[in-house]
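Naming follows writing order (A, B, C and D), and every chain is counted from residue 1.
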Amino acid sequence: MTAPERRYVITFGCPDRTGIVARIASFLAEAGGWIVEAAYHTDRETGWFFTRQEVLADSIPYGLGELRSRFAAVAEQLASRSDWTITDTGERRRVVILVSREGHCLYDLLGRVASGELDVDVSAVIGNHPDLATVTRAHRIPFHHVAFPAGDPDEKAAAFAQLRQLVDASTPHAIVLARFMQILPPELCADWAGRALNIHHSFLPSFVGARPYHQAHRRGVKLIGATCHYVTAELDAGPIIEQDVIRVSHDDSIADMVRKGRDIEKIVLARGLRWHLENRILVHGNKTVVF
Amino acid sequence: MTAPERRYVITFGCPDRTGIVARIASFLAEAGGWIVEAAYHTDRETGWFFTRQEVLADSIPYGLGELRSRFAAVAEQLASRSDWTITDTGERRRVVILVSREGHCLYDLLGRVASGELDVDVSAVIGNHPDLATVTRAHRIPFHHVAFPAGDPDEKAAAFAQLRQLVDASTPHAIVLARFMQILPPELCADWAGRALNIHHSFLPSFVGARPYHQAHRRGVKLIGATCHYVTAELDAGPIIEQDVIRVSHDDSIADMVRKGRDIEKIVLARGLRWHLENRILVHGNKTVVF
Amino acid sequence: MTAPERRYVITFGCPDRTGIVARIASFLAEAGGWIVEAAYHTDRETGWFFTRQEVLADSIPYGLGELRSRFAAVAEQLASRSDWTITDTGERRRVVILVSREGHCLYDLLGRVASGELDVDVSAVIGNHPDLATVTRAHRIPFHHVAFPAGDPDEKAAAFAQLRQLVDASTPHAIVLARFMQILPPELCADWAGRALNIHHSFLPSFVGARPYHQAHRRGVKLIGATCHYVTAELDAGPIIEQDVIRVSHDDSIADMVRKGRDIEKIVLARGLRWHLENRILVHGNKTVVF
Amino acid sequence: MTAPERRYVITFGCPDRTGIVARIASFLAEAGGWIVEAAYHTDRETGWFFTRQEVLADSIPYGLGELRSRFAAVAEQLASRSDWTITDTGERRRVVILVSREGHCLYDLLGRVASGELDVDVSAVIGNHPDLATVTRAHRIPFHHVAFPAGDPDEKAAAFAQLRQLVDASTPHAIVLARFMQILPPELCADWAGRALNIHHSFLPSFVGARPYHQAHRRGVKLIGATCHYVTAELDAGPIIEQDVIRVSHDDSIADMVRKGRDIEKIVLARGLRWHLENRILVHGNKTVVF
């Protein structure tokens, strides 16, 4: 497998009007930019326009800094308020993974990293239990155990402070809650907004909170699901990135649901993380545009 | 397509113990009964045993009445309290369909009846709007218009009384709420319990109540669904028979969701109705066993 | 439901180079064109670029003829050889449906037309058996019976000549083989190229030709499928538009497969037809780009 | 998670007749056997009856040997020729995994074993390349490298002899070809019949043989799949155990298909292996009954 060519990824959003595509495309054409992927979307209700473009880095005669400053002028011209980013696929992505005891999502992510499918640096794995230290270290990745004692608010606050420090140390592009069983305090949700991804083991908005498979079993649903979403202060209510489901029947016990659900959790989380790291996800209000 | 052979369908439920299968199977073997389908299930939490068996009618040397009275003795022997039914596939099933303005589920059901896929008598279609009268009558099926005036409780009660009369006239095996936009009063839910099937246009328990596609759009889910369930007095909370989903994206407007969702509604309702008419569904508490 | 706004749909394909998007977008921006949908794709192997754009008709200050002649100049400028079309969603689409005896796809399409979901004129339904005349005429659509006698090549050629005449009479945008059981002769395939859509009841390329459910049953597959594709002279080998599958098990007889498969056939055909009529499908070699 | 109770699993197949279920159920009832799962199937074409029953081991007053010899008498009574097995879930299953360079299926299986989801002994992993030695040994599982030199038939035969020896050393219940890129010689297929499972990266019977994703890309299919099947002497033509698919589009390169397909391969293989080890799969001709 040859390395994919280095690309600049531009995401841009502003109130819709005529001529946006023309302006951006002309700007890129004038720079000789070879567009290898382009997507557009307008949210009809809010009148907001979104685009994401991938340009071959080698086709642009100047560097990332110059591209950014030139694009800033274009953005300003197009709208008084706009959101935009330009990133370089040549910059290696850093990921921190938070876990508890359930290892299936971690095993899956580490397998994808080891096989080269997910080409990222896992800076650290942090567990509120030590169970997954061995497998993490077998992949030559640092594992940190941070205990979250139930009951004592001061100790818990201290644990979150330690967690924050360990996470922020690597300024990660993504903080993955891979079945991490602690609810992040609001200030962490705020500081990590748009970078913290959670996998919830239900088809949200059904079965928010604890033990969703138990809830699903009690309700007698015929499909169970998993949801990857950005973490916000409201539990399991952040912008949804990806979801999928698997069929169950009256024959499936809760243990069967847990087992079947894991396969969906792993896939949904891996997809969501990939899209996030490729800057494919534009958040708008409490919803996502996934290009 | 040759007609399927006539069968007796036995469903039976009682507290689990050893020897139930042996007792029923021996009873059928002694009668010379040729079992063409058999399924078993035990609910581990409640310790309740379920079975459904299909026997070739011709293989039993006596008639349905005799079979029932002989089986009653077996059932009594097995448990002091049990639920059982024996039905004859040779008895044609009668169905009443309740509709409003949205015709896609009705068109779909009528198409299945016309093409012979769903081999039932549609005794009547009853609409709280007259819109679907023409298509119904083109299929030579009686259509009744019962208006449900908003506001006046007496007129509404009268309308429900009329609805009940029209439905009960044919003692239907199934009363299908095919996007019927009225909430049945508790006494109708009670009287039609286990015979009234609703199709709800969401993946329950998400998006109970009105305008589920609007709710789904607002929440930004990545899959939309449909749920066929038995009607109970609590809105959209009855035992779930079948569910399915279809993928949507940020690109889908509410109108797109409505359109895509229809295909799932039609299929889920048709499956649920077929299983119901084939006595495949055993209700247990608020859950279903679908054999 | 309000009528969707009238739009011009532009599809364009040419060898990839920089500046295509900029040129087209600038052309539209200069005309004041409000782009409501835009999609791009480059086939890496053949280096061919594709785009499809929807522009609000009211936002362009001149008519379709003028738009076409102006765009022709742009196209010529961009490439010496290119494929492009501009169509007007205000022009009502005409569809001819070819059937045999199996009515499920026809019922489904007529239901979609009657409920307004598929906003087209069905100019005619033509059957090589008369079975589906009644349902067609109940929808006030002309039905023609053209018998295709087995054995005599001259009579068969005459039947195809009659079929061609009946089809061509309405210059349809789409000719739908809705489980039509005759193989079109090469000259009809050629003349109707890009307009004739077939639904094949298997997941192609598995189970080409006759009785695919029988083939699937014999092979013991665990999923069955359906494929909507453009008709070409080579049987069941044309460009694939859409496919889907449904799960089956050892428990499903061929009759069960036929029944379950029908639901997939109907949906896959309806999706393919919609995309075709919305000019979403660009054929490239033996493959499709579906925007 | 508590350990599941020890069970005896009985599978039985013979020509269908009345009284089989009664005979087996009575036999079990007389022994006091508590049936926790029971499934039946009759193949209508061949008239062959199949059943699988799970009985709590503790409910039977004698041991496995006695159960087998008593059941042998029942089987003989029921049919002159029958296939039956009785296995003990208390006997730990041994699995050997064959790999090449692609590690995703191996990573997935090892993750399932490590997390306790797949409760088996992996006796050995054998690779025709050494690439996956490190990860295997990190799980404390022996890895053997057996080179299969292209070209020289004698060396290849010697390699297969070595492979056989390594595999047979642990008399495994399952030999898993987890993207093993060598075609087993007929005598190994014969000796390992019913125990060797392969994962093929296409929705068979489409795209038999080498590079199925390339074949799929060339044909322009809209879904790609994976198939788990028993290995037989005819390439990719053995009895199908499980299949699944995932959606692709014109936008997906071969590399994208390879990546997306991996998720399906892993799941389909894991399901197939689980069912095999639980004795859920009864092979009949070239088809499987999966209870």
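Definition applied: a residue touches a chain if its C-beta (ideal position, glycine included) is under 8 Å from a C-beta of that chain, and two chains touch if they have at least 3 such contacts.
Computed from a predicted structure; not experimentally measured.
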item	value
Farthest chain (mean CA position) relative to subunit C	D
Self-contact between copies subunit A and subunit B, residue sets same or different by half	same
Subunit B and subunit C, separation of their C-alpha mean positions in angstrom	36
Centre-of-Cα separation between subunit B and subunit A, whole angstrom	41
Subunit B: positions in contact with at least two other chains	none
Contacting residues of subunit A [partner subunit D, same complex]	1, 102-104, 107-108, 110-112, 114-115, 117, 135, 138, 255, 259, 262-263, 267, 270
Subunit D partner contacts - residues on subunit C that touch it in the complex	41, 43-44, 203-207, 219-223, 225, 239-245, 249-251, 253, 286-290
For the subunit A and subunit C complex, residues of the former touching the latter	18-19, 21-23, 25-26, 28-30, 32-40, 42, 59, 247
